[in-house]
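The next part holds the structures, each set out as structure tokens.
Presented sequentially are two complexes of subunit A, the first with subunit B as partner and the second with subunit C.
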Partner chain A sequence: MSAFPAADRLVAGIFLLFVATTVAGSVLAVFTTRIIRSVCGLALASIGLAGLYYFLHSPFLALMEILIYIGAVCVTIIFAVMLAEPDEPRPDKPTGRSILWWLGAIVVSGAIFWSVARLGLMGNWPTPAIDRKDGSVHDIGVALLTTYSLAFEVISLVLMVAILGAVAIARSGRHHE
Partner chain B sequence: MNLLHLQERPAVYLVVAASMLALGVYGMIRRRTLIGMLIAGEIIFSAAMLNLMAVNRFFVSDPSVGQIFVLFIMGLAAAEVAIALSIIIAVYRNYRSIASAELSELSG
Partner chain C sequence: MIIPEPFRLLTSLLAVAGFIGANAAYLVWVERKAAAWFQRRAGPTEVGWGGLLQPLADAIKLMSKQIIVPPGTDRLLFCLAPVLIMVPAAMCFAVLPFSAALVPRDINVSLLMVFAFGSLNVIAVMLAGWSSRNKYAIISAARVVSQNVAYEIPMLLVVITVLMVSRTMNLTEIVAKQAGGFWHWNVFNLAANPLMPVTFVIFFICMLAETNRAPFDMAEAESELVAGVFTEYAGMGFGVFFMAEYANIVAGCAMATILFLGGWHSPIGLWPGVWWFLLKMYFLIFTVIWVRWTFPRTQFYGLLNLSWKILIPLSLFTLVLTSGLLKIFGR
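Let's look at the complex of A and B:
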């Protein structure tokens, strides 16, 4: 019991808010028909995830999540929404085939949720050894430039090839119009 | 059940990650446009990252390994989005549609 019992409640409330934001954002991203609302759901889920990373003792990743997912990924998807015409076609009358697909999707995702959640809840997880490092930004930087330097460089190469490839693919269709 | 120290339990994070994975797979099956499927894929990526971070925080002795791994996944996800969106734009130029049902030239 800490000296400020209200602080515990406040922390628990903020944590539950972030959990609810994450799940609600994912639901919104998957179930709406308009794509722009779906992008907003992805942004909402990213905000919730950033909060969860903060609770997992990693404020650096929380900032990176907001920077990359909301600042880069969502904005890029919104640009594509402006360039293309992404709204889903109106659903036809529900035929037997589409109901079958819907049931199949429900069953598959339900089975995945049940099995993975059960694995997480029932799994016999090991308790770790004593922490030697604290996982600070300093530790991450040192590890990135020593132990993981090869992967770091290869990631930069992948990003450059991706940028060049994106430009090459998106540019080629322009001459045919 | 004590709600006060819920953030110290790994099960909460693992169940949230499992629900995001299930929602992403549902969206992957049900979405009928390419951008919608891409967004569902991003939800699946986020589920994997949350799972890695939870396991890293609670069950691993060196806490910086998982953060670096998640950072790499974020970089790869950004590259994947750039490539996928440029392909989507190219498809839209040629077909005037990105509904997945109409891109059926190869389906025999």
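Let's look at the complex of A and C:
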């Protein structure tokens, strides 16, 4: 890149924009009361994440994030939402029991956040020895079928378990009628 | 002279915005004229010579109309949906190579980029339909989703076939590999796969379905669903949906040109350049219009049957055939 005034700050600004998008999307997904807006928050967070992947020199992963998480996952969720009741009932008044659940959820998510943040900041992460030539079809194919083939297969196993779980839940729902 | 990258990007951005705007405006005129021609009418004639200023008059009319947000709608999403449909359509143009040098941003995964952002337009149509709180809009949105999900599969399978033949995801390189006469174009690349012309037809059909054009215009089935997901939109909100539809058609035809018809290469090897690209692209766009005014709208289950029972098995077959032939005769 040739000399351009304040190029560093421009790049830092774009990076912060993606971070802000991710955080804002996640907050929206959790705190809004309308389920359709939660899905939009999820989509927004995925866009922010895609931007962060781009900053990690992985345009392929960034575009896959958009194609799969927004183009497939969010679309599926919205489709499921559309089949439900359009007007969500007002949230119930908080009772003692629900406040207890709230506290439990806050403690658990706080613990997860703390440990992930600690791991990210303090962990002894190995720096990649070579610059991975991410992007060309050949490199991706080689990586998926040799170096990361175990991870690839394990992920497909997880997906199969998820599908079986969905089938099981759907079947049991049918028996109750 | 070396132009600093940010200035070049800014220029490309303005050029792309202008290209999309001009195309959206004048393709409406072309469509109306072509429709009139197919139906032995005159089409728009009043504003300007041959109705040439009609798009401008339409734009002024649409912009001066009141934007009505019906009560009971999800106001934020209702107003956001037209923006959400326009932005991904415009993003695709950032990587389309119009000629060897005329490409806004040449990245290694440009093919993936077009399809990643292309997949976002479903979500915008769905949000438009859902936030309208209108039964016609919701029915139409539900149809659009099942249609787009169904047609995305054969489209991506067909694209993988081209990807295996070209061995790259860079659109500029894909075109560069088709140089030297029309028999080198992917559509006639019978050595790689004897079914390549069929592959092109599958791609074209899927493109029609993905852009919600007749005979697959379930999003806006005027005779049954008022105006589908656009029912509640007035003024420029409605106009933006139409601009996005034409932007998607242009992007889809440009992709068909790049992947199958040799992009900017000349069929006989003479004067390669951006004019060949535009010529092929506008011919495909004309075909899209031609199909719209020739075939009636299909029924919904007919549309789904076509995808799941014919196009997906066929595209899977071409995929397996291509990989087999590449394995045997490749390199």
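By definition in this document, the second predicted complex is superposed on the first by the 121 of 177 C-alpha atoms of A that agree within 3 Å, B and C clash if a C-alpha of one lies under 4 Å from a C-alpha of the other, contacts with A are read in each partner's own complex, and residues count from 1 in each chain.
Methods note: contacts are C-beta pairs under 8 Å (C-beta built on N, C-alpha and C of every residue); 3 or more make two chains touch, one makes a residue touch a chain.
Please read all numbers here as calculations on a predicted model, not as lab measurements.
Trainee: Who does A:L56 touch here: subunit B (first), subunit C (second), both, or neither?
Mentor: first
Trainee: State whether A:S26 touches subunit B only (first), subunit C only (second), both chains, or neither.
Mentor: So A:S26 only meets subunit B here.
Trainee: In the overlay, answer first, second, both or neither for which of subunit B and subunit C A:A43 touches.
Mentor: second
Trainee: Going by the contact rule set out at the top, does A:I78 touch subunit B (first), subunit C (second), both, or neither?
Mentor: The answer is second: A:I78 touches subunit C but not subunit B.
Trainee: Would you check which partner chain A:M64 touches, where first means subunit B only, second means subunit C only, and both and neither mean what they say?
Mentor: both
Trainee: In the three-chain superposition, say which chain, subunit B or subunit C, touches more residues of subunit A.
Mentor: B
Trainee: Of the partners subunit B and subunit C, which touch A:A117 in the superposed model: first, second, both, neither?
Mentor: In the superposed model, A:A117 contacts subunit B only, not subunit C.
Trainee: With the two structures laid over each other on chain A, which partner does A:G96 touch: subunit B (first), subunit C (second), both, or neither?
Mentor: A:G96 contacts neither subunit B nor subunit C.
Trainee: Using the superposition on A, tell me which residues of subunit A are in contact with subunit B and, in the other complex, with subunit C.
Mentor: Overlap of subunit B and subunit C footprints on subunit A: residues 60, 64, 72, 79, 81, 86, 135-136.
Trainee: Show which residues of subunit A lie in contact with subunit B when the two form their complex.
Mentor: Touching subunit B from subunit A are residues 8-9, 11-12, 15-16, 19, 22-23, 26-27, 29-31, 35, 38-39, 41-42, 45-46, 49, 52-53, 55-58, 60-61, 64-65, 68-69, 72-73, 76-77, 79-81, 83-89, 101-102, 104-106, 108-110, 112-113, 116-117, 120-121, 125-136, 139-140, 143-144, 148, 151, 155, 158-159, 162-163, 165-167, 169-170, 172-174, 176-177.
Trainee: Give the list of subunit B residues in touch with subunit A in this complex.
Mentor: Result: residues 3-7, 10-27, 29-33, 35-36, 38-40, 42-43, 46, 49-50, 53-54, 56-65, 67-68, 70-72, 74-83, 85-90, 92-94, 97-99, 101 of subunit B touch subunit A.
Trainee: Looking at the complex, which residues from subunit A come into contact with subunit C?
Mentor: Those residues of subunit A that touch subunit C are 1-4, 7, 10, 34, 36-37, 40, 43, 59-60, 63-64, 66-67, 70-72, 74-75, 78-79, 81-82, 86, 135-138.
Trainee: Considering the complex alone, what residue numbers of subunit C touch subunit A?
Mentor: 2, 4-6, 74, 76-77, 107-109, 112-113, 115-117, 119-120, 122-123, 126-127, 130-131, 133, 138, 141-142, 145-146, 149, 152, 163, 167-169
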